[in-house]
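As written, the chains take the letters A, B and C, and residue 1 is the first residue of each chain.
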């Protein structure tokens, strides 16, 4: 086993020189580093999408405003929506999948470390490709759900839609690869003794999310491929003149689109389900029910897509059917809300920043969910659809839900990831100013929607009674920006002078807290033997009714560590992602480039596959 | 009971009262200024319906609103209570490790299902009620959504007009919606919900306005650059008045003897205008709005501007400037020509 | 034996704690996803069935005998794939390689048939991507299946070359088995497409 030295944790990776460090990040296959890469990129894109939003808000602050013209405004809301969903919330969740799933299931890495790196690099190339459109003045302007046939060459002759459609296809590949990876990881890499029902609830919600990812993305991929063929190769899928039906796009898109919104919320729900027990020092109330309702939400999620189409005239029967299926989803979600409250009930609640954000999640998401239920009634939705009431709905679930939940996770796991605790004081300032700014921005939009303000308008007349609350909404948006500056300040302060966290700063319940912060490359020197969902808690305190705490094992020996096999770094993922980018962007430039990129991709895939065909270690036999 | 480890990293911190009060104060503030700032009776308000259709859907809206408001308050109250009641107190022991309560969970699951049933039943009823086939006596109006203006045709009166929809109060109107280009959405907020206008697809919307008035309308589906400017007006008349309007629209345009107007007429007939605009007896273009009775309309270009001479001049000299992306080209009319054209158009009563 | 298995579990990074092979589970996940992919494409085809307002109609262009023959080729290739696996299991690498090659060739034959079919459609019937909804949905659906087959052929040929260069033996059974899973899937999908497009009038 001598050669294993070559794959000793860290060797090749740790290096002093600057470029060495860069290289080690470019070639890393360590799920923790990839998680950090996902997290930082996602946060930067969150700021970008947010700044786009701020410009929109400025434009809408006054009636007949002329800060930006219609073209720019249409680009702004399209890119804002696309960025926030595909480049901010999804990758931020992916960051937690990457970093936390192996730690929480007691594994040393994901099932396919190199594939994991590939997912990230493809994500990054897709994201940069999409945003590069700004540089060419060709930012997409079809709205984040790019309804056909406005996206046809006839009505969008410039490359704007091409950037959007190709960018989303690249991002889709990345998401699906990650989906396969985490599915396998969760199914196959759980520590001995961790039965499915012993998985932490965050893992469960992630698990459901992966199913949604791999089953929903094909639908939008097909929708985008058809659009691509329409635009590049003259097919007629969305061409009414030839009998094509623009509604085909809407169906394909929303078959993806609604599961997508649960892809955006379930990870946050998982985070909340970890944070509440830790800080109320009680197990999650009715955990199995929370898990089952998570599964239910994922399942129903595929049967409700047409609630985005109540106004297209599907006919009463379809309207009724989709209305009922949509309302059904309120049940499992409501069950979760009450189970979370039940978790707090009778606990000894320690108010720390992560908990504040989780409480914020419950408070705000409930609001968004309830307005969702209003939309679920087609007659009501006919008035609300495409107004700011809907904008309010989805920001309450997306920002009040996903973003609050993800920030809860950031404050909760930051010490595990960096070894330092974020500052409580700044944390609370962040929370309260964000809470305030958020409600100031989006609560008035309910009212604006009800008094008839349509969405996606770059300007409005002064005599409609919309002026005052639009101004308030704009001010609120800037308050959110301030709150985020608190967070950025907090991060900087903590890097300089943060309190050292230790393994288990929150006296938490799950496995990741049983190892050092930050964890060693191999995570667990000894793979744990899991006996319960809150296994680490049981190790510390016993099961609460009689069962004694578990004795700690003896100290870890150097030999044990030497025997740990970690995968080597690899640069093929990075190269493969680049080749893919070359191929896809070629579609807008020249078929020659497509061909070159295609061949490159094939060759690199071969290299990628062969790299570990015969690992120098060889197999046991 | 096992005590938590002595080395708890943080000093125990109580519920943050200062910040809580801060938030409370702000909420009070917000509510009070809301009370001032919330006027529901605005031109595009959806909550004061002026048609049977609007009233039906509004009923359900109110029903669901009250229930959800109740649920919302209940949930938030529970949340606040729990946080206050079970906040960590100094020296508190580790709480009892409760894992759940089946009866409770089953209980509230059923409760939710029942509440949703309360929403679902009237919803279904109204869905079918509002989508019944219109009575034969209903006034048929063909609505054509185009980038970025509206055309309204009354086949039984042989009237075509633009951006200004006239309806008799108390008579059922059924709109047949179609679009030659992209998807739009036909929406008259005060009269009821929207219906999308989809290319090569005949959608229908039926309602009976019950209050005379002048209501704004809007395209509600993003349809490209000037989506925001794709507005229109609905004027609901008492029956007699509506009759008068129909008569005036059916009559041929009144020619004015005014010299400038006459000059404008010649310019109109001799320039590209005729290729796109219909004026009965003068031209038969179909790309742009019918101008036969242009002067009878208070506003133009997707109800964007008032039909005043200088607005018209500005429009004729540079449509794209008045309405970004407008599909009417700039025909390089000089000041004189456009003034004449404006005068002519405004003579078309 | 048992502890050997345990040791194996530790050393082979591909075997998870369930004893399943990661790559195999991964391939199943991919196939599940690919079902949705073809599901959406087939759905589109069905949605547009008979909606074309011009151009040749399906029954005017289809050459059922030819496509049936193609279907037979794919079915046969599934069989040879199984034989290849059997051989590899007994470490009869040469035989395995031979069967893999035959499988690839059957696949290639299928693709060539499709190329022939497409060209006749274009040249003799004037049916192209942009002739009608039928043209668009037909070419895109069958084209993407063809692309799947092509990918499979390339994959198989890579395995064959590996075998020739003595880099493939019983230890790599799973690798080939996974290629097999993919191949059978593509085969089954074709049965579905064949039925939907060619057989249902």
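Everything that follows uses one rule, which is that a residue touches a chain if its C-beta (ideal position, glycine included) is under 8 Å from a C-beta of that chain, and two chains touch if they have at least 3 such contacts.
Not measured: the values here are computed from a predicted model.
Asks: Which label fits the chain touch graph of this model best, line, ring, star, complete or other?
Replies: Basically the chains just string along in a line.
Asks: Of every pair of chains, which is linked by the largest number of C-beta contacts?
Replies: After tallying contacts for each pair, the winner is A-B.
Asks: In whole angstrom, how far does the Cα centroid of chain A sit from the Cα centroid of chain C?
Replies: Distance between chain centres, rounded to whole Å: 33 Å.
Asks: If you average the CA atoms of chain B and of chain C, how many Å lie between those two points?
Replies: Chain centroid spacing, chain B to chain C, equals 51 Å.
Asks: Identify all positions of chain A at which a residue touches two or more other chains, and write them in rising order.
Replies: 243, 245
Asks: Name the residues of chain B that each touch 2 or more other chains.
Replies: There are none in chain B.
Asks: Which part of chain B faces chain A closely enough to touch in the complex?
Replies: Chain B residues touching chain A: 2, 4-5, 8-10, 12-16, 19, 22-23, 26, 30, 37-40, 42-47, 54, 56-58, 60-61, 64-65, 68, 71-72, 75-76, 78-79, 82-83, 86-89, 92-102, 104-105, 108-109, 112-113, 116, 119-120, 123-124, 126-128, 130-131, 147, 181-183, 185, 187, 189, 192-196, 198-201, 203-204, 216, 218-229, 324-325.
Asks: So in the complex, the part of chain A that touches chain C is made up of which residues?
Replies: Going by the criterion above, the answer is residues 111-112, 176, 179-181, 183-184, 187-192, 214-219, 221-223, 225-226, 229, 233-237, 242-245, 248, 252, 255, 563, 565, 567, 602, 606, 609, 613-615, 617, 619-621.
Asks: Quick check on the complex: what are the chain A residues that touch chain B?
Replies: 69-71, 74, 143, 147, 149-150, 155, 240-241, 243, 245-247, 280-283, 285-289, 311-313, 315-316, 319-320, 323-324, 327-328, 330-331, 334-335, 337-339, 341-342, 344-352, 359, 362-363, 366-367, 370-371, 373-374, 376-387, 421, 424, 428, 432, 435-436, 439-440, 443, 447, 450-460, 463-466, 468-469, 499, 501-502, 505, 507, 540-545, 549
Asks: Per the contact definition, I'd like the list of chain C residues that touch chain A in the complex.
Replies: 4, 7-8, 10-13, 16-18, 20, 22, 25-26, 29-30, 32-34, 36-37, 39-41, 44, 47-48, 51-54, 129-130, 132-133, 135-137, 139-140, 144, 154, 158, 162, 167, 171-172
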